[in-house]
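Next up, some structures in structure tokens.
Heads up, the next two complexes both have chain A, just with different partners, chain B and then chain C.
Our next item is the complex of A and B:
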């Protein structure tokens, strides 16, 4: 396009931008990941040592953690995919009442941080003190708890509640975009609805189902919060929680770092494999049969099942969304955990305490907001620059950047945290460990993927000829960038900003490994308060976080509705 | 003087040579069309002139200025004083019609009052007055096209480059717009370089046409009538419309149609061509009902109707003469009046208004008039 380099101009603006983009990704993402591999595979004498790696993997603790990650991720993936696909089919292809509302509700778990959900379920179903368990034990005079949430099943069920929207949204999209003539022609050929569903519909949406399933697999393998809240009590560790435990408790000994880096390497490799699989499935060309237009698909008449299914959906929503959210706010209003929810017991004292009196929680809120804002701003601007080079510029050496740009997508949070510890605690003469700066750096690395995705999508919409037209009208390269490209990618940049700011408000995985006494984030504060037995304060802070997140989300929704309309 | 001169220009993309050693001159004030099949590199040529690409060899001159010369710093597109209309319009979606059209003036730092006046004049020129506050998303394809045209015209460039600007429009609008472009070009006296694969538009608007083939070679350059009536080779002939190609065989000195022995009379034959093909347009064919004699009269060929199609206003016939095929049309009224309503299998007599000789080697195997 117009910014292709002229011959002879070997060190122009394009080269500088390319160099800068590569430098940012190398420093922020590549160096930490490389250091993890280096620490895992080379011993302290500088020799490549696969033997030690195998020994670490054979240790019972690490082996068990790997196994647990696989067990939990598999269970979560199977459960979420089944539920997500079923609900997606229900709200797109049947005559279920209030489908629009249902669809919106099924997407709510996207907003809710899963570790807060896990906390809520702990309050409801912990074996001795959980409200539901106590309720059933009192009524039926049981000695055993009704359900023990500190178990594989408990962890998997809670993860399913918060992860199934990944499949749900993908399958909904595929079912809505699918050309109904494909099904209609099968029907004309004499196929019944069952046959059509089995032979036409399912094969057509299968790529979307699989891609959503792999996304869940990736997320669950690398997921910290739920397992940390529900598993550690019973000694159930997965990869990220074991990394955390080792790094945190052994204060940086060589052995623990070794174990951490080996586990992190396993995570990175599995993540890369999952992403590779996903790309393979998505590039198989199912987009050809799924047209971009919106059609009115066939609807299955549920008849007698209509009302029972409606009740089932409402019950699901009530149990998985309303109940845990309500419990968080209610427990946050109690003087001590375990008291019954009566009017006399409820007050706003805890909320007042965390917002105005307690230095720790006040710091945490301030830290999270300022970290989120700075990370979002920095990542938004660097992301738009890097995407611009990848999508629009023709420069030699771009391939390197394209590869580096893929990296942030496959590096889980706990890996990034471990990587920045290795890189920035004095190894290169810079020691920012125990400061907010190391958390900021890790946030930038963690959320770069969101920014690259949103900005690339926006830039791909800006056709080259729009810039060329400006050039032909007499605009210089910079004028064309300012007048044409920037206004057109602004929505993408804003999307990137919010996609980073909101999740960073509830971030736990990265900050739990990097916090110092004064650099707690909201997530860390909720988690540590809960660990310290300050359940009600922790719940109150979680409630405040939920209010912040829901407010932010509704502002974005309104903003998106406005921009798509105008 | 707004001339465009290309001197031995070559351009390659990695392995593919788009064109090599191309020479071309577009004169001041003319409407020049570069006509060729899709993928022949005509858009690349336009982009070279506009300055979005640089030539690998050769020189490009606009007026007296060398704007690009291989190995040297070329003049950037924003300093070439051109109006460009892109195939996909490239109307900026975030600006109103007035902002789109006025953008070149804004860049030229023209004071606001004057700038609005001038932009409105350009909007008037393309009959878009009243729509100037609209966003492109609220306009039809044809209207967006006009915005692009007005934007290219507004700064009074001496040269306009148009890249298939009408290809996305429906037939009626395309017809209307092509006359408007011609009319504007005449009125404003600007040089227009128009790139298209549509020979009808090329014939309708051009002062001169250059025909380019798939390898980027210029086959013929001339006035529309010359190109249509005197094609230099079969490629040009075939490209400009429905092309009948009658293969022949030699019997002594005589050239006979198809595999038969009927002698084909035509213009003087070119020397040194092994197998001759006679080309004619459907309108060059003279069709008659045979008078009952076994053989056709002197200078007339006897053939057979292979397919008779009634298309309303015209009868369309596919005729076989000794293994060679040609197509012709007769107006229905005339066909009825002159007893030319043939059925499949009827014999018929054929003569020609005009014939062209081509080298049989240039005619693709199995060529059928379509």
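Our next item is the complex of A and C:
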């Protein structure tokens, strides 16, 4: 980019954009995170106090919660990685029947919010009343339940069901793009299947497997919903649920926020470590696996296992997707929880109630939709601006921005929630705690990472020469941006929009800490209704949420299919 | 591109303006009462006083207090009237001088459970807790508190989490006061469970996950009316939890707030309270048939007396001790 033609003006626009980008990231992300560290390590008198931090960590409850987060996240990561890799291999490298359909089905859990899954599994497998447990106990006359979902294993299994697509997508992508000539040449040279798998295939897809696994680790450590629904009953807390309970117990006063900030600091540090690992792995595994030509990779003949494996996949899908969804809709149709599913008992009353009569649920749906739209739009535009500075501009001070841009990737939702409470409840003269604005700010901070990722990817593909050509023809910086860059990155911006809008429709971890009487989101309404014992109403609302999410997703899929074709 | 920007800007402002449009000038009530109860009262009040508009926000008492705390920090409490079941909150607010003294005009007709009543807050409802049991699974109905310590309820009796529910905390603290910590130790020995909210233990009892629980009257009665197989009994010692109503000091709508409090304590509004399955604070109101107690006065007489100051100061330690005992730590 030449600075010589209209130096003054270029400098002006560039500096303004840079300044704005840094300001936004500092205000939205850095300040809350810094305040968390400040609150954790400095006491009320402003002295650095490591002693208190150690005391908080040594407290049995907090120590146990930390341990639980690690146990649950490790179990979930190992399980999801195994399942995700296996299914990915099955649908890309074997002659399994209906592979396309299977691949689409394995991606469905991506859409289902895991806390709704957890609610469904609670109804199916709670020790005495769970429908599956009762079924087996009645048939075999058992005294003990078939499976107790209120356990570490139960939590881990439910999280695996809804998180494995993270690995599945990554590994599918790697296997599909992998240059099959590598394997073929090994085969021609006389290597057996075992050797090829061990020496060629696994090393090539390992980076994808690991980066998917770390993503799951990151997500699961800071995940609120599943543990809140299934763990609290048996005293199993992880970090986010403990923070939630402490803050709830003290009615939002700041006494217990210290414990919260210490735990949140631990989360941030471990998340940063995970991200660092991921980058290291990705940069190390820099194999040229994308070969421009598309060969058909060799497919393993499953022979006699073809049908059994197909049946196994279908059973897996039926159990993890169809069964929980069905139970949510059915329970949502009961007048009160605990009644049998007979035709007389089922009705659409609850659905009518939440959509038309109940202010709380109507508010929640409205809030989630408008928060999602606003957060997605704002984040989409700021994201494209910030990515532009990071990817394209050559200005001083960019390094700061690169660092700040990495921050949203490593800050979990519950930490953001705690941070915005600290920052925006009057400390700097602005008090928006208990209003909808604080949730909006938190959403922007939380989803900025998605927008930066999608927009950077789109911007990398816009060659500098295009802007230079426009500038050489006399266009101003602003004109070049508006007429050349923005139209070219529009697909990236749209992707960012949807990547933010849909998850925010079902968001729970952040909004559960920030909601006020009129600012419940759908996730909060489902969770609190369930906690209040309105099981059937919360199930009905979960059903409505599922319909919203799935409709949204299919509109997007159709939309993306059309834009990529055109 | 400019058109897109314009559309986007409009969309954002539309979405957000919708969210904040709630806060128009109105008399504001913060309450932890159930939507159906507050909705019915709101409707009746509006028919009687069409000139006053009431905007109510309902949420758990903890949420409401958190909101009030931040509003205080910002300079002004938005609520004009507060109606929850957390008496300790009202005592705190009274001590901090946040409550407007107002003795309702029909006060003499009311049942008053507070000994040192001074008009800061007035009971507008008497919530009760009893033993809830699953009628399909329990062989014999429980009758006394001791029954929940017996083998039929082993591993299947629930109490709501006192850290999440103020009513649950109050019921535990009253049981400890009446029967001592031995009672809790015996509950632990019988493997009683800590659930989540006060409603959820009742739902779990209805589904058969639990055989019984300590349950709130109106929650249980609502589920029984919808067809749940539940029974609700009062042991000799009843847990009575008053729900006070108070006017916030410095309100701009004092007349409206006073009219609302007077209405809430009138026969008409108390009949709505009673029809939801809770005890009214008037003796001239017919009780819900599912409540097996002769009159509100009798319930108050049979209730375990509450030491509100102890309730306030011992909260953290009681919850911790109770949770540790039941979770076997």
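Please note the rule applied: the second predicted complex is superposed on the first by the 543 of 566 C-alpha atoms of A that agree within 3 Å, B and C clash if a C-alpha of one lies under 4 Å from a C-alpha of the other, contacts with A are read in each partner's own complex, and residues count from 1 in each chain.
As a convention for this text, a contact is a pair of C-beta atoms (placed from the backbone, for glycine too) under 8 Å apart; a residue touches a chain by one contact, two chains touch by 3 or more.
Note that this is a predicted model, so its numbers are computed, not measured.
Chemist: One more residue to check, A:551. First (chain B), second (chain C), both or neither?
Modeler: In the superposition, A:551 touches no partner, neither chain B nor chain C.
Chemist: Contact-wise, after the overlay, does A:358 reach chain B, chain C, both or neither (first, second, both, neither)?
Modeler: Once the two structures are laid over each other on A, A:358 reaches chain C alone.
Chemist: Touch check for A:336: first (chain B), second (chain C), both, or neither?
Modeler: Touch status of A:336: second partner only.
Chemist: In the overlay, answer first, second, both or neither for which of chain B and chain C A:466 touches.
Modeler: So A:466 only meets chain B here.
Chemist: By residue count, is chain A touched more by chain B or by chain C?
Modeler: C
Chemist: Is A:482 contacted by the first partner chain B, the second partner chain C, both or neither?
Modeler: Only chain C; A:482 stays clear of chain B.
Chemist: For chain A, give the residues common to its interface with chain B and its interface with chain C.
Modeler: 487
Chemist: Residue numbers of chain A touching chain C in their complex, please.
Modeler: Listed in rising order, the residues are 60, 126-130, 134, 232-233, 235, 245, 248-249, 251-253, 335-339, 345, 358-360, 366-367, 369-371, 373-374, 377-378, 381, 425-426, 431, 433-436, 440, 482, 486-487, 515-519, 528, 530-535.
Chemist: Spell out the residues on chain B that touch chain A in their complex, using ranges where they run on.
Modeler: 50-52, 54, 71, 73-74, 76-80, 82-84, 86-88, 90-94, 103-104, 107-108, 148, 151-152, 155
Chemist: Okay, in this complex, where on chain C does chain A touch?
Modeler: Against chain A, the touching part of chain C is residues 1, 8, 11-12, 15-16, 18-20, 22, 30, 35, 39, 57-67, 69-71, 73-74, 156, 161, 163-164, 193-204, 206-210, 219, 223, 226-229, 319, 323, 327, 329.
Chemist: Quick check: in the complex, which residue numbers of chain A touch chain B?
Modeler: Residues 1-2, 6-9, 463, 465-466, 468-477, 479, 483-484, 487-488.
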